[in-house]
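Note that the chains take the letters A, B and C in the order they are written out, and that residue 1 is the start of every chain.
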Amino acid sequence: MSERQRVAVRKTYKLFVGGKFPRSESGRSYLVQDSNVALASRKDARDAVVAARAAVKGWSGATAYNRGQILYRIAEMLEGRRDQFVGLGLPADEVDEAIDRWVWYAGWADKIAQVYGGANPVAGPYFNLSAPEPTGVVAVVAPSTPALLGLVSVVAPAIVTGNTVVVLAAEESPLAAITLAEVLATSDLPGGVVNILTGRVAETAPWLAAHMDVNAVDLTGVTEPELAADLERAAAENLKRVLRPPADAPDWSADPGVHRMTALLETKTVWHPRGI
Amino acid sequence: MTATTVSELSHVTGSEAALRAFLHGLPGVDQVGAEQRAAMLGTRSIKTTAKAWAIDLAIRMVDLTTLEGADTPGKVRALSAKAVRPDPADPSCPAVAAVCVYPAMVPVAAEVLRGTGVHLASVATAFPSGQAPLEVKLADTRAAVAAGADEIDMVINRGAFLSGRYLEVFEEITAVKEACGAAHLKVILETGELATYDNVRRASWLAMLAGGDFIKTSTGKVPVAATLPVTLVMLEAVRDFRARTGRQVGVKPAGGIRTTKDAVKYLVLVNETAGEDWLDPDWFRFGASTLLNDLLMQRTKLTTGAYSGPDYFTLD
Amino acid sequence: MGVFEYAPAPESRAVVDLKPSYGLFIGGEFVDPADGGSFKSVNPASEEVLAEVAEAGAADVDRAVRAARKAYDRVWGPMPGRDRAKYLYRIARIVQERGRELAVLESLDNGKPIRESRDVDIPLVAAHFFYYAGWADKLTHAGYGPDPRPLGVAGQVIPWNFPLLMLAWKIAPALAAGNTVVLKPAETTPLSALLFAEICQQADLPPGVVNIVTGAGETGRALVEHDGVDKVAFTGSTQVGKQIARSVAGTRKKVTLELGGKAANIVFDDAPVDQAVEGIVNGIFFNQGHVCCAGSRLLVQESAYDEVLESLKRRMARLRVGDPLDKNTDIGAINSAEQLDRIRTLSDIGAEEGAQRWSPPCELPDRGFWFAPTIFTGVTQAHRIAREEIFGPVLSVLTFRTPAEAVEKANNTPYGLSAGIWTEKGSRILWMADRLRAGVVWANTFNKFDPTSPFGGYKESGYGREGGRHGLEAYLDV
């Protein structure tokens, strides 16, 4: 065996759409940390919405137990690739926190309906029950920092309840997002539940905000107030649910609370007479 | 729905299985919805001319009833006299529809009612329980008719009905109907014992298929007698039966209807459910006793403008 | 109608003591508007002018928002929840005590039958205040964290279809959570809100906690766009809801919207048919069909079509259209000439597009705004009357063959407020309810409301819930 230095096999960072890793249909890329990263176009956004919509029925129809197990599986897979994320330059603490966040949200899958729904004691002979349901397809602009924990903290609460997402990864830190896609792809998560686009938020986000088959937008990662306002205005056209960018920089390591889940839930109330 | 003849439905009574399939194939009744509809109709406000019209109609629909172990010829004679002339002070007051008594009292009542136009009804078939052999029930019926009753109020065998022996109930009604001859047959469902509106609807159809001329809610001898929602379900049944077969069947709520206000609510129910064809003593009756005096008092109030008191009406 | 004519049974209007004109209710007093503008509120059943009402301009709205802010900062915000509760209980009681007056006024100004204002609207108003009163001192137990805070000043804009009930849905949870409010009632039905202002005075509610600014769209716009408003709550058309959603973009204002609908009322062949027919009638003719959650699309299983349609027509022939104050009236007046025009236009389009129109014979009064109960058969999903909200007593009848087809058709709309299911099969109800994209699903019943039961839509029917524990969320900083 000679001492010849091995030539590394480099990774091509592609998009993650419908459970597959396509290049941008535009054929464009941009350079991040010496890697070429796919630069998503409006057509990629469109395709991602189609994939997300197609996944809604199966994912929202899966049992909460099943969704919880899959989220937990994501944590297991992430744990196994911990070093890979550290190798991207992410702090080990952040990676650990991100793993734990998947575990935390996994446990919510079969509890949120109990905490957030319930029986209503109406003044009449009726059974009356309110239960939360996923709103559908959510377009998410992920925060740029912390690259992995921020991303997990916006994706997990959206999907744990049965939504599917199209995530615009942070423009400057997309490698963690695409590496996370590799985790998701090997975690029994059905294709299309999480779709990740890399590229310019200002280019693709307006298409998602205006897309009439998107039910909600999470603007957490939008840092430009003007862009956030434009996106919110565009979202009004079909009355998307809007999660505005936070007023103050969030503490991503704090207890997340339930509001990221509830903001993307609908409440359905069912009435039925009680009689013989 | 197209009108067919009763005989075209005869196949449904051909076997226990066919009858069961038919009765259980009738649309269900949602209890809450039916009760709300009846309650809503109970809020109709009937005033002035409409009220006067309704009171006179209600008087003409009363089956003035006494069904007590303590009934005597004297009591029945007095009741019959009152049936013919409910308000002795006012000749414009109409007579009631019928007098309703036990078979033993039929001859007494017949004597008073002969030629007056007031019908004579008698309960038969081991009233009120219906728990007697068929031959006894038929004999009971024939005796009442022979003594002068032109209407027979029979009770169905609730035990058989509740245990699903529909054909037995059907055949019993058919046999009694035959024993009635020309007399009209009212079939008492005893809805308070049937427990559900689904059962009330099925029993109504069963009684109509078997040839009953009237379906009647109750004997008055069990805790739950006539109610608005039960009557609503029965009115829907006679309405649908006529649409299906062309034959019109009457409805008689009995027991617990004591005030004019109640009676008017029933008339509204008839009007808005089965329709005006049933707003006639031939097609709708009240089985009642104390109701009559309240109707008379309200009638007087409308005429004189002052509230009346019980001392001014006859007690029997 | 037949032999049993119900003589007129009118509720006395003497119980309502209307003033010839009303000012704006700001800071606990009735005040004149800055520029002196006014408009008239008319009785839609007679076109008679009921009262002249001030029209609030931008300066008046500003004044009202300032009054609300002051009351929030100094009185209502710091007040212990148990005391806020007692004010709300007081209001609930006064509404009950003055129920008849409120019911008559509501019917006069809106045109709805007294039977509904008396038996539905006003009792629900009282119940709503009673329900939220009890939350005021229990917010820490509502599931919104250990110390949920109010938002501040709520700007609320409500529609004309349930004037006082919509006011209750807005004001009761806002006040319970510790907010103060500026509310704009609809321009055609401002009077019960003004009577409510008097009730606030009677309850000694601190000045500025509730402010009522009357006016039309411009007044509403000034309110929702006011910088001093922390929370916007709107019930009304989807079109205006979208404008509001755009106008608050980029602000920190919290928004809830309760908008239009085009609900499917789905009848299977095993339905309890008499109750289903009642549910269809109640679904579309309740409140003249001026109901955002009205069951305006009837989906009947083909195997039950003839039976259901025959029963429905027979039942419709019994509907009594006329004087809203007659206790026997089932369908009252259309709220305004403008709304009547819209109903007529869309109905004419339905006929032009080939649907078959049917109404029972019914005599409509000469004066006022009236529209006979109407059904269209032979309607498909492609007809405009199956897609657009008519907001009137007009039902579109469509058919389906299988449960999956029913779900597909029911969901095939940008709206998602409510839906109805009629079948005696329990498992099918649950299967359907899971798949219908609507905020309220009534199974074997329709148009039922309760303060404990969250109400609100999916998709373009808006967002946020009113009623129940969920209704608090709209008024808390969570």
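The rule is simple: a residue touches a chain if its C-beta (ideal position, glycine included) is under 8 Å from a C-beta of that chain, and two chains touch if they have at least 3 such contacts.
Just so we're on the same page, UniProt names per chain: A, C = Aldehyde dehydrogenase family protein; B = Deoxyribose-phosphate aldolase.
Predicted model, so just to flag it, every value in this text is computed and none were measured.
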Topological distance between chain A and chain C, in contact steps: 1
Innermost chain, where centres are averages of C-alpha coordinates: C
Chain pair with the most C-beta contacts: A-C
Intercentroid distance (Cα basis), chain C paired with chain A, Å: 36
Computed distance of Cα centres, chain B from chain A, in Å: 68
Rounded Å distance between chain B and chain C, as computed from the means of their C-alpha atoms: 44
Per-residue multi-chain contacts in chain A, two or more chains: 124, 126, 273
Residue list for chain C, restricted to those that touch at least two other chains: 444-445
Residues of chain B touching at least two other chains: 30, 32-33
In the complex, chain B residues that touch chain A: 30-33, 195-196
Residue ranges of chain C touching chain B (in the complex, touch as defined): 2-9, 115, 119, 270-275, 278-279, 306-307, 310, 318, 327-328, 424, 444-445
Chain B partner contacts - residues on chain A that touch it in the complex: 124-126, 273-276
Residues of chain C that touch chain A when the two form their complex: 127, 143, 145, 238, 241-243, 245-246, 248-250, 252, 257, 259, 414, 429, 433, 438-445, 448, 450, 452-456, 458-460, 462-463, 465, 468-470, 473, 478
Chain B residues touching chain C - in the complex, by the definition given at the top: 1, 27-30, 32-34, 36-37, 43-51, 53-54, 236, 267-268, 271-272, 275-276, 279
